[in-house]
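You will see chain A twice below: alongside chain B first, and alongside chain C after that.
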Partner chain A sequence: MIDFIAGVFGSSNYWYIVLRSTAPILLVTLGAVITEQAGITNMALEGSMLWAALVGVLASAATGNVWIGLAGGILASLVVAWTLGFFALKLNANAVLCGVALNLVGTGGTVFVLFSLTGDKGISSSLASKTLPFIKLPYLGEIPWLGKVVSGQNIVVYLAILAVIVVHVILNKLTIGRRIRATGANVEAARSAGIDPDRVKFLALTVSGVLAGLAGCFLSMGYTSNFTSGISAGRGYVANAAQVVAGGTAVGAIFASLIFGITDALATFLQNIGLPPELIQSLPYAVTIIGFIVVTISRDRREAARKRALFASAPAAAPREPVPPTRPGRGAA
Partner chain B sequence: MDLILETKGLTKVYGNGTVANRRVDFGLRPGEILGLVGENGAGKSTLMKVLYGEEAPSAGRILLEGKEASFSSSQDAIAAGIGMVHQHFMLVPSLSLAENLVLGKEPKRKRSRFFDQDEAVRITEELSAKYNLKVHARARVVDVSVSMRQKLEILKVLYRGARIIILDEPTAVLTPQETEELFAELAELRRQGHTVVFISHKLDEVIALCDRVSVMRDGRLIATHEVAEVDSQTLSNEMVGREVRLKLDKTATSAGAAVLVARDLSYVDDFNITMVNHVSLTLRRGEVLGIVGVDGNGQTELVRILTGLERSLSGSLKVGGRELMGAGPGAIRRAGVAHVAEDRMTVGAALGASIQDNLLADRYSEGRFTGRFGFMKTEAMREEARSIVADFDVRCASASQSVASLSGGNMQKVVVGREFTADAEVLVVSQPTRGVDVGAIEFLHRRIIAMRDAGKAVLLVSSDLAEVMSLSDSLVVMSAGRIVAYFEDAAAVSDKELGLYMLGLKRQGEDEIRKVLHED
Partner chain C sequence: MKTDTARPRRGIGRTLAMFFTDRDRLEPALVTLLAAVFAVLSGIILIFIVSKSPVLSVKNFLLAPFLRSYNFYYLLIAMVPITFAGLALCIVYQARYLTLIVDSCVYMGAVVATVVGIYLPLPAGIHPAVAMLLSGLAGGLIGLLPAILRIKWRANELVSSLMLNYVFYFLGSCVIIYFLRDRKQSILASLPFLPTFALPKLVPNTQIHAGFIVAAVFVVLVSLLIYRTKWGFEIRLVGANPRFAQYAGLSVSAVVLYAHFISGFIGGVGGAVEMAGLYKAFIWQMDPSYAWDGVIVAMLARRNPKFVPVSAFFLAYLRVGADFMSRRGDVAFEFITMLQGLIILILASDRIVNYFKARRLKAAALRDERAARDAAGQIATQGAAEAGR
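After this line comes the complex of A and B, so read on.
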């Protein structure tokens, strides 16, 4: 067993799969990070991915052009994000409930559309859809072991790494990033500074829609080469938990999604040694939930300890205990 | 002398009929610091909100430099050079001071959307030096003191070009040393030609800082004085001077044994401000202990601790000898503490639920209302609701109508009806008659006294000074989270004297305050 695990962790093939598994969860986690920083929870990421995965396949099959497929997929994802924005921001509906509703529409709606067009409810294999290109890196690909890990990945894996930088720049270097973080941290302060919180949130939803669209297209046009029903497999929900583990930063999102990617890839290998597949498939989700709980508890404890320390060190303006009556006889008139 | 900003016959009536400002003629001279004093609800905040564009006046005119002005939002007021620093800061804790300062009006690198961090810091440091308001531009707001956050708020207003700066009780959150610093900074602003409105409850501060002072009471501007020609006693009288006390038939009783014993309670709020600072007190049977104090001096938080809605950082809370520190509101209720919450709209009642459901909210699971297998005994429940409705004179068509459809007074009777029939030994009663009509006020007062006569221990918190004074047997004064005075006999103290303690002008010795413990 130990030999087996050591063998897995030493193999370049394993780490290649880790990167491949991490990419989609990283993209949606970045989407969750930017919306949460703006003070709106994008619970519809799951639905965004589903529609992107389906529309990407359909558009690429219809036009024979994978890039039109990708554009179509991203647009479908954006429509979901904008719908959420319309209900949550314009009509003041509860954002989380709207998100869940949109996800349910996605689960049923994608299967319905697939069945209407192909007569098949489970998989789009009858369609001649395209796959996004895999890219061999020059020079880097020559390096032994490491080259096999990083080179030859799907273009979306590289785009995911680029997305980390983009989201990091938006949040930390651009003016709009200050406004996003201000809106999320204290909406009244933002409003009083003349910022329109709804516009900021809508913009964050748009960015997260593009990211979720990219992730969805990758699932059906790179990670696998078909759309299958429920292809997003809860990654949109995991992203909202991973966002907390990430501490609301783009760089943190790498670590949070690597937790998922590492266990997800491990699960593929563990299937070979005869453990029940259902148990193994639940592993990445269980690990993410545990990470979420650990991070949340430790953050709460730190905050409570900080408050206690602050109170203990507060200037002792008054005696802590009532002064004992050392001078008897002195009282009210 | 010409006025930079004035109001003529300004009246503000809120949607619910409350008249917050009555024909106010307010005037501000250029380059002065004007103090604005008055009790809670005197209309100071409303007047300032109107001047800052946050509220629209119902009648009257606003003149800015002699010209008619109207502000439909605070953005308009800011554009006209009027800025306001709220009591609750409008800051983003996770961003740096410089980032907060420029928020909404950010410097950008040339021809780009990139935020210019260095320029933001430079602007902050330049403004900081110009007005001698020292701040750490690069630190995050969460890491700096309350007094530095306040300086940042003043700088924010200056960055947006304000010439008139309104400060809403700026010293409420400061230590005496920080207050002195703030005064020097405000004097510097005046020297550079800015005009300041300083809202405060603390008369000694107003006298130390201001050029003139205006006094408000009951929505009216009572008087404006040159500070050099007035003393704090005169101002205090003008502020709290009031009509005859409410007449109340109250027989003297003697207090019995201690029921609720609270020792060394403390609470720090989310802004790291110590709202309750090592407070100790004892409630005794057959006694109404009143808490007086300007709103926001820790009364709300103290009540929340005593009723289990908030957890104290220190000390102990015993009811009938049992330690209840850290127990939830349910356990504290079961131990015999009933709570008439200060806000009946959010804490005291469930507005959408029926009168009956509200009346039974604390007892529906008891054996007399819930039978075997968890089935509710509807007839017993209806009977209980009917009897409380009749007893407490709740004016309604039936007990099944929603609480939201009742008037303020009847809604309060529902809350009081539930709490006073809860068979509790301790009643924590907060703002019992806020927003309640005169008829209901008298009714509620009589019921509170009846509970005392029945041997209950009552803690009464109210911003209505006359109410606390007439109902209470003993009084405690809270200021800045501490108990600053205790009067064993409420009848022996005048409102003028209480005013001095409330406004922080006087403080009893520890020996006298300690008597509230009844430990001898």
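After this line comes the complex of A and C, so read on.
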């Protein structure tokens, strides 16, 4: 058993699969992070991915061009995100309920469309859809063990790593990132600082829509080469849990989604030694929820400790919390 | 006259009269009805887009449940689990919590009922009752989990319930496959239930089972619980304003916990009723996902358990119609899931549901403002006149 596990963790094949199954989760988790930072919960990520996966396959099969497929998939995912924005922001709906409703529309609608077009409810194998290219890295690929892990991955895996950097820069270095975080921290304060919260939230939803679209297209045009019903398999929901584990940062999203990726990849290996597949399939979700709980506990502990420290020092000489220096001209906006 | 105002008469006429004169209650109900009609209409439009014989398909969709008595019975049976799920969701909704853990409660309730149905030799009548009780307990305990996570560690109950649904689904099917499976069957099925486990049929030669009555009893019980008991009052109070409830001396956590326990209990009973009423063995190949049905039923009923049977009937009607249509036509059954999503989307939108109220309030505000302006103008002209004098 121990030999087996050591063998698994030592094999480059395993880590190749880890990267492959982490990428889609990472992308949607980033999407969840950015919307949550803007103060709106994007529960519709699951629906976004489903539509992207389906439309990507349909568009690439219809045009014979994989990039048009990708663009179509991302557009479909964006439409879902914008619909959520329209209902949640313009019509004052409960964002979480709307997301759930959009996911229902996604699970039913994708099967409905697939059946209406192909006559098959389960799989799109009758369509000649394309797959996104796999890329061999020029120099990294020649390193003995590492090369096998990082090279030859699908282009979306590399895009996912790029997305981490992009989201990190957006959130931490750009004005718009400050606006996003200001809106998420306190809508009223943001509004009085001249920020239009609805516009900021729409923007965050747009970014998350693109990311979820990329992830969805990857599932049906890279991870596998077909659309199957329910292809996202709850990854959109996992992203909402992983977002908490990530602590609202892009870098944290890497670790949060790696937890899922590592167990997900392990599941495929564990099946070989005769553990019941049902237990193994539940493993990624179970581990995610455990991570989710552990992080919320530690966050609460920190919070409590901070409050205690604050109250303990308060009566002494009434020291105020250090006020961060504000630069003139570049305030909250 | 005086006694009337001091102590309002009870009675169906009075209730109806109050309902139709109270615009704050009438209008949302009307909007809910319109949302349902809108969903059906968009369903018809969809059929016309994709079907080759749209008229026949629409006819099947809308009239199938009433064309044959078999279909109508089927509709009544389909109502049972939807009613249980709707009641379960109503209770957590009253406390303003949104969990979908009912899925796991129903599924694990069915698994527990399967164990009882196979291995516990009991006399008929008592057998399914014991199964319901045990399934209910299992469901209640499962239903507690997201609430505990929320109260203790502020973990979002919707996210945790969705994760737990996957875990429990795989756990449950594992139990069925490895401990209860009937190896003689080619498809996945548990060992057959003992004959004493079956619920009696209400109408001979149909599938209508006593679970229908159990569901009706639960509708009454939950209505009484929510509107006539201290517990229900506390749940509603916590839902209306948790902080106020806390200042009023309630233990909010305790209230949330028992609301979730009762909700899960009902889900578990629903699972057991399905097993005992409909099947001779556990044959669910996948998670039937009743939580989504529960959400939509609870929303259509506007959180009021009394209206759950009505909205469950509506949903079952759509289901049966769609099922019949998809079997005899070229429209996929899944389009009903789309319509469900559409209904939730509309009913979740505050601006749509409270459209008339907002318009009324705005008109009233404008009227007040105009009156104030007029009054101010009068004073101003009076002042000017006085100054001129």
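Things worth noting here:
As a convention for this text, the second predicted complex is superposed on the first by the 315 of 333 C-alpha atoms of A that agree within 3 Å, B and C clash if a C-alpha of one lies under 4 Å from a C-alpha of the other, contacts with A are read in each partner's own complex, and residues count from 1 in each chain.
The rule is short, and it goes like this: contacts are C-beta pairs under 8 Å (C-beta built on N, C-alpha and C of every residue); 3 or more make two chains touch, one makes a residue touch a chain.
Treat the numbers as computed from the prediction; the structure is a model and nothing was measured.
Residue contacts after overlaying the shared chain place A:E278 against chain C, while chain B stays out of touching range.
Once the two complexes are laid over each other on the shared chain, residue contacts for A:K173 go to chain B alone; chain C is not touched.
When the two structures are aligned on the shared chain, A:G108 is found in touch with chain C, with no touch to chain B.
With both structures placed on the common chain, the touch criterion links A:I2 to neither chain B nor chain C.
Touched residues of chain A were counted for both chain B and chain C, and C has more of them.
Of the two partner chains, chain B is the only one touched by A:G194; chain C is not.
No residue of chain A touches both chain B in one complex and chain C in the other.
Residues 74-75, 89-95, 99-100, 103-106, 108, 113-115, 156, 175, 264, 266, 268, 272, 274, 277-278, 280, 313, 482, 488, 509-515, 517 of chain B touch chain A in their complex. Residues of chain A that touch chain C in their complex: 43, 87, 90-94, 96-98, 100-109, 111-112, 115-116, 121, 234, 237-238, 240-241, 244, 276, 278-279, 281-282, 285-286, 288-289, 292-293, 296-297, 300.
Those residues of chain A whose C-beta lies close enough to touch chain B in the complex are 173-179, 181-182, 185-186, 188-190, 192-195, 307-308, 310-311, 314-315, 317-323, 325, 327, 330-332. Against chain A, in their complex, chain C makes its touches with residues 46, 50, 98, 100, 149, 153-156, 158-160, 162-164, 166-167, 169-171, 173-174, 177-178, 292, 295, 330-332, 334-345, 348-352.
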